[in-house]
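I'd like to ask you about the structure that follows.
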Amino acid sequence: MTTIDLNCDLGEGFGAWEKGNDPAMIELATSVNIACGFHAGDADIMRTTVELAKARGVSIGAHPGYRDLHGFGRLPVYGLKASEIENLVAYQIGALQAIATAAGHKVTHVKAHGALSNVACENEMTAKAIASAIKAVDPSLVFVVLANSTLVQAGEAANLPMVHEIFADRAYEDDGSLVSRRKPGAVLHDAKQIAERVVRMVQDGAVVSVTGKVIKMRTDTVCIHGDTPGAVDIARGVRQALNDAGIAVAPFRKSS
Amino acid sequence: MTTIDLNCDLGEGFGAWEKGNDPAMIELATSVNIACGFHAGDADIMRTTVELAKARGVSIGAHPGYRDLHGFGRLPVYGLKASEIENLVAYQIGALQAIATAAGHKVTHVKAHGALSNVACENEMTAKAIASAIKAVDPSLVFVVLANSTLVQAGEAANLPMVHEIFADRAYEDDGSLVSRRKPGAVLHDAKQIAERVVRMVQDGAVVSVTGKVIKMRTDTVCIHGDTPGAVDIARGVRQALNDAGIAVAPFRKSS
Amino acid sequence: MTTIDLNCDLGEGFGAWEKGNDPAMIELATSVNIACGFHAGDADIMRTTVELAKARGVSIGAHPGYRDLHGFGRLPVYGLKASEIENLVAYQIGALQAIATAAGHKVTHVKAHGALSNVACENEMTAKAIASAIKAVDPSLVFVVLANSTLVQAGEAANLPMVHEIFADRAYEDDGSLVSRRKPGAVLHDAKQIAERVVRMVQDGAVVSVTGKVIKMRTDTVCIHGDTPGAVDIARGVRQALNDAGIAVAPFRKSS
Amino acid sequence: MTTIDLNCDLGEGFGAWEKGNDPAMIELATSVNIACGFHAGDADIMRTTVELAKARGVSIGAHPGYRDLHGFGRLPVYGLKASEIENLVAYQIGALQAIATAAGHKVTHVKAHGALSNVACENEMTAKAIASAIKAVDPSLVFVVLANSTLVQAGEAANLPMVHEIFADRAYEDDGSLVSRRKPGAVLHDAKQIAERVVRMVQDGAVVSVTGKVIKMRTDTVCIHGDTPGAVDIARGVRQALNDAGIAVAPFRKSS
């Protein structure tokens, strides 16, 4: 039986500010990526999110981002050295590990957030620095990589266990990259269309590009957003459609 | 042979700003407390400081403080809940643990910084929350406690290994507490006087109060400051005087 | 005809995080207090809020708080010197003045936020430092003071124009101070009760304490909250009840 | 008699951290650019710096930077909208204006800091946004622009009074741009050479490029650094050499 993981970014508030609908999304995701205090999240929100995940049997990962609370980690940062990116990522993983340990849960994966991920998807130095940080902290941590991106090579070079991720609600170019958010149609909003698309992606191990091209792509986990309008309904639709298609939704397993 | 540890707070810069003279102090201390990014320090400085300590064979500890970069963690914070203090401390310990792991070193102790320590020395809830965080993250971590303070009971209640600390350059009241920095004579500046005082404290297992009263006090480690004027000379004097008195200066061992 | 001002705290998001319902509240308030970036708010949100107020003909004030984004300025800070509080407040007023000038509007009042206000209401040094900052930046700025608090004397001593504020949804002690939020019944939630209470406060120039005591209190403006559950409905109810009672709701005028 | 202004960046500490040697540099500069809290500086340091400048009769300017304390505003930020840059700059100018007013001094110019300046020197949108912010806050503020950069056109388009700046210790390319700091020889360190160079620049109204080409360049102010090794000695040398050459060192006057 085919299985697929649904991952979602959680714990993205800060202090008195909230974001997204974590209690609803945790019911739908099988793995969650937790903000670690640099672009969002704080020690208390991390703890609450870890406990939520533990109570639901959902696996957790660190979701490190640039040091940019104001910009929510969405502004690309150029000019950092590899060692600075490594330290930034290691710090954030460790912070979540300690919070998880205190809560009786365990960090099992790492996925880069926002601009850190975007830059890494095309910049080898950044991708390698992230992989290097993960390896240095704990080489058994699973590296969640955007399928078809520079992150894949960086993870392979570091010999990290990896899971490949596709996006439920993003359009793809013919070369397998994501359509830039600046272009129309980059983000899909129709819950039914998204659900059907995800089922096909998982069944076929491929995405269909904007021109209709079928691109083979390893697919271990599907990213579902938690902070967009209609997020919960879209995620519910995806989960239901997967069930209906006989695809088991379950936490990813490490690649061997 | 009597042995004593000399501990010093290091890694207290932030970004482009420096503080203290870490390369000189690391030569004189046998254990160092590393700022973890909340009142000072950042992932890069933490890494550099861990590497410095590793190269010198000096043991390292986390030095968690309040979230207060602007005030350097010196402003007392009231109104935090026990769980918030626990999460704050756990986060900072974990961040340093990951950086240390990446650098091939290991965090072996925790000492609270500045106002967090001051508040904890007299506020049982805060002291217990710090101890509780350490225990939850790793119960084998040594809790460095101000001798004669509320921290001692908190550490005992949590069954943590502890080392008791006295200050080289601070005057003591008759009840064994530190003379408030607001009173004249609270901080000693004469290098020779400080050195003689430390030798006596270690030899006698006692401090002499401002009125001349001898107060028995367990003494496992002596705090030497790294960021005051003359800090390096004072620390050198203390170390020399201890050597001259036949007291070995060496990293503390866990109490059993 | 009796007139009363309704003031509301706005612009309390930060970066990607939102808080409250500013577009709805701006329709109901006649003066707004804008967060200035220390406990909430940023240059963009300040600009948007100023433009919203200008479009509605609503007067604006600076709402300075402690440097505490994580705690939303709600943690009391002790240990700041008078000069530090003065500089903190002056900085925030100036920041809003420039944003207002750029948007073609004008800052006409200042009201301290959260813990800064709470501390000032009982600590003379803090109250005087706030008044002193306002006077030093622009002595024609109106100082919005909690009726019956230490802020009143501080404003008088500085010879600042003042408006006295009462709270729509807070219970009062017999001595005219607010019932602590830690006590049950401190905050009222029933929209109808709140509306009736405000009308009486304005008509009688007095509040009724928890024991039924009538306490005379100058009342120039009523604070309506924008970020509590039901905030918009409560504010609508208050405004409607005032209209029904023949009380004009209009921006406050400076006391002479 | 020829006159020239010497400008220097001051107030670049933060909280307990210091940077540079402000008391020495204020003796040598005739105008100072004060950090406004985003990349460095805080309300207290701003106040102290303003008072220092006032006591010395030195004119003051706002030195706005990106929101980046950790990176000291040296990391380029791409992805901000023009309105965001405008608000960022307006906020910082206003903050300093209020602090200056409280101290009885007056902000008379604005100079962008670090990466904000570097990006603006080649990115028209950024340059225009800075000019636009200055104009919107106070069109009589002098815009200090790097001679020969995009900032000049932006200032002209906004009809702002401007002074053109050259660098005492930086090498120039044949096209009049600064040699990138990544190239060898970009920064000059020899005090005597720097002093002679500045005298020639001012006398000739031209810089000599790395290949020996003479490039005419309007020169109203010379930037002297305060935080490099030997900074004070270099600045003293420059000032002395200008005096010896019969060039008066005095605050710039607005261009009409």
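Observations
Per-chain residue numbering starts at 1, and chain names A, B, C and D are given in the order in which the chains are listed.
Criterion: contacts are C-beta pairs under 8 Å (C-beta built on N, C-alpha and C of every residue); 3 or more make two chains touch, one makes a residue touch a chain.
Quick caveat, the model's predicted, so the values are computed rather than measured.
More C-beta pairs touch across one of C-D and A-D than the other; that pair is C-D.
Subunit A and subunit D have centres, each the mean of its CA atoms, that are 43 Å apart.
Taking the mean of the C-alpha atoms as each chain's centre, subunit C and subunit D sit 39 Å apart. Shown for subunit A are the residues that touch two or more other chains, namely 70-71, 74. If the chains shown are joined wherever they touch, the resulting network links each chain directly to all the rest. Those residues of subunit A that touch subunit C in the shared complex are 13-19, 42, 69-72, 74.
The part of subunit D that touches subunit C in the complex is made up of residues 37, 43-44, 46-47, 83-84, 86-88, 90-99, 101-102, 133, 136-138.
Listing the residues of subunit C that touch subunit B in their complex gives 67, 70-71, 74-80.
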